[in-house]
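Beneath this line is the structure, given in structure tokens, with notes to follow.
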């Protein structure tokens, strides 16, 4: 994403309601700073995230997509994040197979207590994506204004 | 190349029609050109004798046709299944896509199908006739008359790396029981994995940008039997659109491959029917290879009722980050 | 039925009778023991060190030989059997070891533990069947109380040997019963006789061996039965006042062919 | 088209300090669907909520977006506000511009810009929101307790106490479970029967409780509040309502050599039997595998001696169907088999016994009438060795032992050791241990008493091998603290066998769609905060089926489970979460992918007739979600290849709209 | 020095394939060992001493040559630690050093008696020398 002629990566973060969204809230409560480029979408569980959503985000110009859920074993729905883990392992591997930089996609387990980890993860991920530059490979140019 | 003859199949079909085991037969018949074989439904012996063929261009996988065909009547339909078709057959049964009772399945051996584009590359255009004799294919062309070519050299890629000559589902088996083959079907995928991200991107850009979004790959795919495909569904936000540019077709193919991941039996029909000759099967094979590497060997359709890897998990599954790291090591 | 046969060094020297009875009895049971050509000594013990290749190659050669003939590999000596089975297991499960061994061997086709390794006792139980063995008995050993002595090599490590319950085995007792004798169960039947430590510390071996023989005698056994020349040596050398006999000899006796064996 | 109102909260200076709230409400005014936009100091205050209510009325709003703190904080508040204003509570979306914006950014420009984007995403979602109504389902006010041990008994009594009917299903002919076999209980050493049997009688006399003894759960259908259960009442060949439990038949029966399972096979019972004197129900049962009459039609003695006429050789298994609102699993535990541990000679010597067998040997109602005698020769043992952790904490081979600590063995071994020394001071007692684990009230003191007052010899180390020699058991083990190998010539060896869940638990879990861990213990909904609930709504856990437990723990968990059941049964109707999955039947392929990933078993399949081209019809298998069971995780929506499965409140198109709004 | 110990420790762990950290200190190996009385360091001590890096005393102990490799400890260990393999690795670390063979062919004649089976000689040489 270009902002005032300057490159600023756009990050979409899908966070599960029970752990990671609460972790993000805690990061806020602790006033732990992380880039404003990160925009969070709340889902009930990481397993609600359809690969379609991720591709859509890239299509519309996101530069990186990160999925956050409860740690394996701690899923509010007992097994949702285990499915997430399989789906995303395969999807990310496929995206990389198509030549998409592997740094653009990430899954991170963040608990409701890990506000600091949430902020650190977002800082780190944004930085890694920023290094790659703009996402051109997955972008649909028609969606550009 | 094929050892089993049309006559044998016709006789068997006639016998089953006559003794009322079945009332119709799914089979192949010649289309506009000798190599242009199309699926057809036969209901009597006479039409079978005049039109039914089986040979080196009968690649079509009939499993998918059973979904709609079995709904038409409660009487049995006869279907001939080559080894790779039987895997799709099982997978569709696993997904409850048709009623097994309504089908009489005959497993037939397959020695590998020919790829018409390879033949054309060898003999040029204007093919008017084709016949096979042992390991040779005799091609009659408009311009150069009859030419003889080695059948192996024009075998379809999917057959050259055939994963199984064993029919895993049938009511009756004709010919010999084959075996599961130790093939090197992942070689192409591995080659791509060894490239850099940039090289891979360039490769796929070259391939996928040719896509015309004709949907043939989806329409032929035995795993794509959805009542209503997401690409036809206006509510899905990915409804079919004319192809435009760099991403649309990629998104289509990724989503399609993901939707069939863990269910794809690697029958290779997608690549066979692609009018643009895009090696679409490589996407499916990548998923199959990853599934094998990450979660243990899995062959969709090997048995009815197997739990597909994407609706399963173990507590020790690898993390997506580790999956990407493994990719990077290649 | 034909199987590959690995006699081992001791069966060619000090334990010729163990070998001779085994061959003759196999004949009676319709099994042909085809001696592996150019076999080399297994080394007596399996080295558990994962980085040692050379000490295991003779076993790999024998195993591969049997593989090429598409036969199971049978041995009578407990030690040989233990070494062969452990080596085979390493070839199956330790990828690094297997690739190094294969690189060294330069075979046309890599050996990856395909051969089935059988102890002669397993051959009797699983291939022939003890009921068939019993059918061949002409001279039932009625009234004899016999104590099976397993020692350590036949049963352990259980994860590899998978021969019988390592703590409460029955395979030799079942053979004894098939031959018409009475099997005596005693606690030291799966304890070590002292093995090769006999050379290093004869007192230690003596103590171990005495525990075994005393245990068998307390159980009122007339005979101790073994499959291992070293066990036999240790028990006899260390004051066993009870006969220690190879199981093949007992079998030959029951089959009524003991005299024909030239042992 | 929605008519959306946007309400931007200042949260005092919490938001307004870093976000230009005026600019945000201005910017969002022009978004599609928005007809009104404003900002206010504290939107969650009474005045703020009134502002919303009035605006709804004034502008005929159909949807509300509140840009404020986290929805985890005030989503419920604003949903109530919406309801008060007369619109569906699920037409409200929150843009989190405090925790995820103003609190983490310092620059007003950046904060404002991000707040606007978050607002736009919320607006995009509300545009696609639809009113949702939570489903309601009635509650059958009856509970089922599976298992009649102390856990099941306590749970049933507590539920009945609250006035709800309860049924107990027990596979054995009597309730009582393992506790009935135990002699004394630690750490107080009161007699187990003295505290258990009154409870068993309470159960029998409670008119709210029915006991289905000698019965099994055959099938479970339905969901929380509405379970349909089939119970198989096995034929006991004795009419339960007529038998008086006089016991004459059990004395006259000529089949005397049937191993008595209550005494773990250490003595015999008859083919017709009452497991023990205080059995509940106190009714005889004929063992069909031992009874001559049932096997060959010859005998019939019991029928002749029964003055009540209760014997019925023609009795058949009976299936009882009943509806329940809640189900409690209380299937308990068993000691593992000692077959794979024959280094301890369990199969080679009668004098090597398990701790449960020891309980029977010391119990006054046991095979030796409470005298501690060796099973082999009936002599009094003078040297006893106890071996702890037999099969517990055993990782080397899964088919052998259990990786976990069985938790109760340290304490009962101390109890056995102490009682032995107390009753038979001439007996030497040794305990081989790896660690002595005694966390619990008065537990460590108890163990120390065994050592200090009763002079039980605790040896840190493990037994390697036990050799029966003559009438002695030579126990060879290590004494790690003295760096010695010991051989003890014991008369009796007692093995503290690991415990494992009862074998009936696994098939039951499948019927209940309740999840289990790899050891076949039931999993709890949350290991800390919901320890007595299964993740499957309406299924609760009581006792050792959830993990190894001693009696006090079992009883407290049993009461906790009862409290949860009572809480459920006290409701007339269950209100669900309306954000549940729903299947579009027209698009569903019936492929079962969704069913396979559903953690709750909320998805079933129905055959439906559909119109097909050319005026034909076809019957297709389609998914159907039970909204009362679905918890709304969404796993099914992604597993579904056709997109037939969607999640209310988080529809595919809603999430995509959010993505689009953020990525614009 | 520390580095050296670590190297030796890693070497022993690598050769044996044993993870001494799996040990839960139950002592069953030593409780079951038939050669216990001949040993100065017992099987459980081998495990804990290798784990703590206290390997030097083991290398110099005659305990190394008393182990019968009877695998009783391997089979009975509840944690799958396999002490006999560890002892073998320590012994190899000792005898593989130049000139450190514990028994050589020259030592054999005096130990020989008429009946001793070949098997005993090859085994002993394999165990005690490199």
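Every chain is named by a letter (A, B, C, D and E) in the order it is written, and numbering of its residues begins at 1.
Operating definition for what follows: a residue touches a chain if its C-beta (ideal position, glycine included) is under 8 Å from a C-beta of that chain, and two chains touch if they have at least 3 such contacts.
These numbers were taken from a predicted model, which means no experiment stands behind them.
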Contacts common to subunit A and subunit C (chain labels): D
Most centrally placed chain - per-chain CA mean versus overall CA mean: D
Comparison of C-E and C-D by number of C-beta pairs in contact, larger one: C-E
Cα-centroid distance, subunit B relative to subunit D, in whole angstrom: 47
Distance from the mean Cα position of subunit B to that of subunit A, given in whole angstrom: 36
Distance between the centres, which are taken as Cα means, of subunit E and subunit B, whole angstrom: 59
Residue list for subunit E, restricted to those that touch at least two other chains: 37, 72
Subunit C residues counted as touching two or more neighbouring chains: 159, 191
Junction residues of subunit A, two or more chains touched: 51-52, 56, 79, 83, 87
Inter-chain touch pairs (all): A-B, A-D, B-D, C-D, C-E, D-E
Touching residues on subunit C, where the partner in the complex is subunit E: 8-10, 13-15, 41, 43-45, 47-51, 55, 77, 79, 151-152, 155-159, 166, 191-192, 194-201, 204, 207-208, 229-230, 232-233, 236-237
Residues on subunit E engaged by subunit C in the complex (per definition of touch): 14-17, 34-35, 37-38, 65-66, 68-72, 74-75, 82, 84-85, 88-89, 92, 102-103, 108, 111, 113, 115-124, 126-128
Interface residues, subunit D side, partner subunit A - complex: 70-72, 96, 98-101, 103-106, 110-111, 113-114, 117-118, 121, 515, 523, 525, 535, 579, 597, 599, 631-635, 637-639, 647, 650, 652, 655-656, 658-660, 662-664
Interface residues, subunit A side, partner subunit B - complex: 51-52, 55-56, 58-59, 72-73, 79, 82-83, 85-102, 105-107, 136-142
Complex contacts: residues of subunit D adjacent to subunit B: 518, 586-593, 596-597, 605, 612, 616, 618, 620-621, 639, 641-644, 652-653, 656
